[in-house]
Amino acid sequence: GRPFVLVAGPCVIEDYTGVMQIARSLKEITKRLDIPFIFKASYDKANRTSIDSFRGPGIKQGLEILSEIGLELDVAVMSDVHSPSEAELAAEVLDVLQIPAFLCRQTDLIVAAARTNRPLNIKKGQFLAPWDMDHVAKKARSAGNPQVLLTERGASFGYNNLVADFRSIPIMQSLGCPVIFDATHSVQLPGGAGGASAGQRQFAPILAKAAIAAGADGLFLEVHPEPDKALSDGPNSIRLDELEPLLNQLKAINNALIKPERNP
Amino acid sequence: GRPFVLVAGPCVIEDYTGVMQIARSLKEITKRLDIPFIFKASYDKANRTSIDSFRGPGIKQGLEILSEIGLELDVAVMSDVHSPSEAELAAEVLDVLQIPAFLCRQTDLIVAAARTNRPLNIKKGQFLAPWDMDHVAKKARSAGNPQVLLTERGASFGYNNLVADFRSIPIMQSLGCPVIFDATHSVQLPGGAGGASAGQRQFAPILAKAAIAAGADGLFLEVHPEPDKALSDGPNSIRLDELEPLLNQLKAINNALIKPERNP
Amino acid sequence: GRPFVLVAGPCVIEDYTGVMQIARSLKEITKRLDIPFIFKASYDKANRTSIDSFRGPGIKQGLEILSEIGLELDVAVMSDVHSPSEAELAAEVLDVLQIPAFLCRQTDLIVAAARTNRPLNIKKGQFLAPWDMDHVAKKARSAGNPQVLLTERGASFGYNNLVADFRSIPIMQSLGCPVIFDATHSVQLPGGAGGASAGQRQFAPILAKAAIAAGADGLFLEVHPEPDKALSDGPNSIRLDELEPLLNQLKAINNALIKPERNP
Amino acid sequence: GRPFVLVAGPCVIEDYTGVMQIARSLKEITKRLDIPFIFKASYDKANRTSIDSFRGPGIKQGLEILSEIGLELDVAVMSDVHSPSEAELAAEVLDVLQIPAFLCRQTDLIVAAARTNRPLNIKKGQFLAPWDMDHVAKKARSAGNPQVLLTERGASFGYNNLVADFRSIPIMQSLGCPVIFDATHSVQLPGGAGGASAGQRQFAPILAKAAIAAGADGLFLEVHPEPDKALSDGPNSIRLDELEPLLNQLKAINNALIKPERNP
């Protein structure tokens, strides 16, 4: 099969040194394995469960750090944007703008992000069907931007639980968009830990393997050197030192697939 | 039982004359029936399914119209706010600020809205459990605003469907907030009509009656003189001329209830 | 509104004296309140979560006890049937045969139960849509039995949780069947206590009130003098001494409704 | 990885010649690919949506046909059992007894099937969590039968839809049972075609690939030479002539996996 893209990084930028180290490790691993790589970390977690949660360095300092990562390591960088004005600022630095799942229906945000002409990665809301993303993608295209990636990150399944429906991969691909599977947010248990989301880190590698086998064009993984100490999404992050063996597995599965070439 | 509040209006402000007429009718009906009333209409539908959908007059003109409705008819007015800057503007006119369901986890929006010291009505996200709203309410309270109402408007139930879980009424009341049941959005079929949401208008009165019986403190109803011609949410709006008989029913049910007095 | 029927009793027949006492109390209460009453208790819990759970006295002794209750108290009696041969035996004693929710798609069971010419109460499977019950009811009618009641007892909502969708009441009524709302099974948390189902007894009265307001033709309530000591379904059973005040509430709500008369 | 087992066949035995031909083709294909194979077809579809649906030849004739298939082709045969008495009869012929999903909580059926000492394949009810199957498996083990396979066939996801949750594979494996993924029932849309279930045949191969990548021990596929003419489950059956290329894909994925050896 054609290669898949890896989007990875810590959930949130905790500090300059730490995030640079993670990015460097990821760059080395993906270079070694010849896997196309996009670094992703948030500068602002705008929708944490609780008011007391860590949110990140903010857009100004965050974009500076991401810019440095991009330049120093020669990697593409991606981050979340939360408002039209953020989209414009972020587009000066980021290679890909990501629209968070809760915000995937906010028309002005999508149009503003699309108008930057950066590729967009739009995460499917937990409350949407895969085919509903057709209208979301069209909002971006109507603003003149055809570079739309869609991400599956789990659908609401009762309370405090998500389920990853792998039918969404071919369904969203049929909308004309490459599809990324977000293996670590899909194992979140939203609100499952009271004032925070719990997670089932142990299932992320299994869902990642399933997604590659199901034909996903890319994979998103939150990675942290010490997930239990992470300031956000630790419970569903993958340990950095477990990434390379997992990617080896994923490459082997991907190589086993007979995937049609995607037209440009 | 103590009286319930009615929040009602057309989904979106279509034009001055139309919305004023609806507001006047609602005022007359609720005055006749002695039901506390808040008028609600959106000035901007920021998250329509499709890019081509009608969005409303925008915040400037919309707030002017709402202001006039409030003054001329002596009714409280409520509308949705979508960003911190909107919240400040809107608070100059509105009696209650509403946080849309998709945005109920956006910390900055809730904090900014709370800081206006207007009462907030926060709609529970379709992707949240009722107890998850505790953290949402706390975001508002942490900003010094204790006047938080919570609204149930249905939870994601598979694709393109919502289900109203009436356990959420006592659960959210136990968080110390009055609870409004949104009977018309709860019968939406999100994305169920392709480029728009479908709806099951016929079930809204039944769910409204159930909600009052379940002890809801208030009821939200989208009302339109001709729902089939409405520019938004027509499929789930109630006909204006069917409102008074319904409210009579709801009052009778409410009167049949032995409801404990709410402490101030 | 026309009166609603109460179906009530302990989940399972624990012993002769106990079940007779409960039945007598229920008869007295419903007579006092002039509420049509059907006594229901299971002689065999054929699908308990765990192999070690109490199952009841079995069909032979169970039917004898139910027969005596019917005769001595002059009440209609109902119980679950699990196989075609059970249906024939049970029909000699029971006034209404109930098809358990898990078994509502077993064609032979429904046909055999229908052929006894006893009225059937078929519980909607947790895995079915309300409109799916049309085919279930038709299986009974095709066997020549038009007396079919349908019961809503909650739909699967993620794992270990059920949600009561009140749209199902008018939908299943539109299939030509009276609809009973099972307020105590609807608050089960299936498997929620490991080797047993947990329950949220506190929500049963609220859902019961909502169901009557939504137009249910009847109500099912598991009742036990000491739910915490019940051998089955204690966590979701209503206390016997709390039943009369609840029924008073339900009657008041029902009286407040303008219900169309049901055609015979 | 260690090899996976294929369980396959037409949904129901339509006629002797047809089913023998399918079985022969499956035997040849799996022999060619060196994939362990169990033939499965139902002799009685006891829970069809509608009373008018085709049910199969019945247990007597059905078991004769399955016996002949087993002997003539030297393949293991499996079929559904629906009652304790069926289990005893069927055990004389079948190599594996299957408990249908709707019946997975019927204690007597599981105990009777377990007592035959045939391996059991128990399908997880659409209304159960994966961990709930622990109690189901224990019912079989308590009857002295440790040979329990568990099958994931989709969980209820709103109305008329199922979702395959791949977390269930490792969760049910952790209960000490090999886990089969049923790729064709998982793409059923139950009741989705009015008087019958609809299906999304096109997604079955994708879910099958995902399941193997997720570590499933076996795969179940309904296969028919002409699915559009099948008398049951045509909409979700795989075409016989598409099976071999799919199995080649699945083998390649399985070979790419580093699977720990299962202890006997």
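All chains are identified by letter, namely A, B, C and D, in their written order; residue positions are counted from 1 within each chain.
Assume a contact is a pair of C-beta atoms (placed from the backbone, for glycine too) under 8 Å apart; a residue touches a chain by one contact, two chains touch by 3 or more.
Keep in mind it's a predicted model, so treat the numbers as computed, not measured.
> Would you indicate which option in B-C, A-C or C-D repeats the interface seen between A-D, with over half of the contact pairs matching by residue number?
B-C
> Considering only mean CA positions as chain centres, point out the chain farthest from subunit D.
Ranked by distance of C-alpha centres from subunit D, the top chain is B.
> Would you kindly state whether over half or under half of the residue numbers at the subunit A/subunit B interface are used by both copies, giving same or different?
Counting which numbers both chains contribute, over half are shared, so the two copies meet through the same residues.
> Indicate the whole-number Å distance between the mean C-alpha point of subunit A and the mean C-alpha point of subunit B.
33
> Taking the mean of the C-alpha atoms as each chain's centre, how many Å separate subunit B from subunit D?
Between these chains, centre-to-centre, one finds 48 Å.
> Using mean CA coordinates as chain centres, what's the gap between subunit B and subunit C in Å?
The separation of the two C-alpha centroids amounts to 36 Å.
> Multi-chain contacts only, two chains or more: what residues does subunit C have there?
Only 155, 157, 159 qualify.
> Of all residues in subunit B, which touch subunit C in the complex?
155, 157, 163-167, 169-170, 187, 200, 202-203, 206-207, 209-215, 249, 252-253, 255-258
> So in the complex, the part of subunit B that touches subunit A is made up of which residues?
By the definition above, subunit B touches subunit A via 46-51, 55, 82-83, 102-103, 105-108, 111, 125-132, 135, 138-139, 142, 155-156, 159-160, 190-191, 195.
> Using the touch rule from the top, collect the residues of subunit B that touch subunit D in their complex.
Those in contact with subunit D are residues 157-159, 161.
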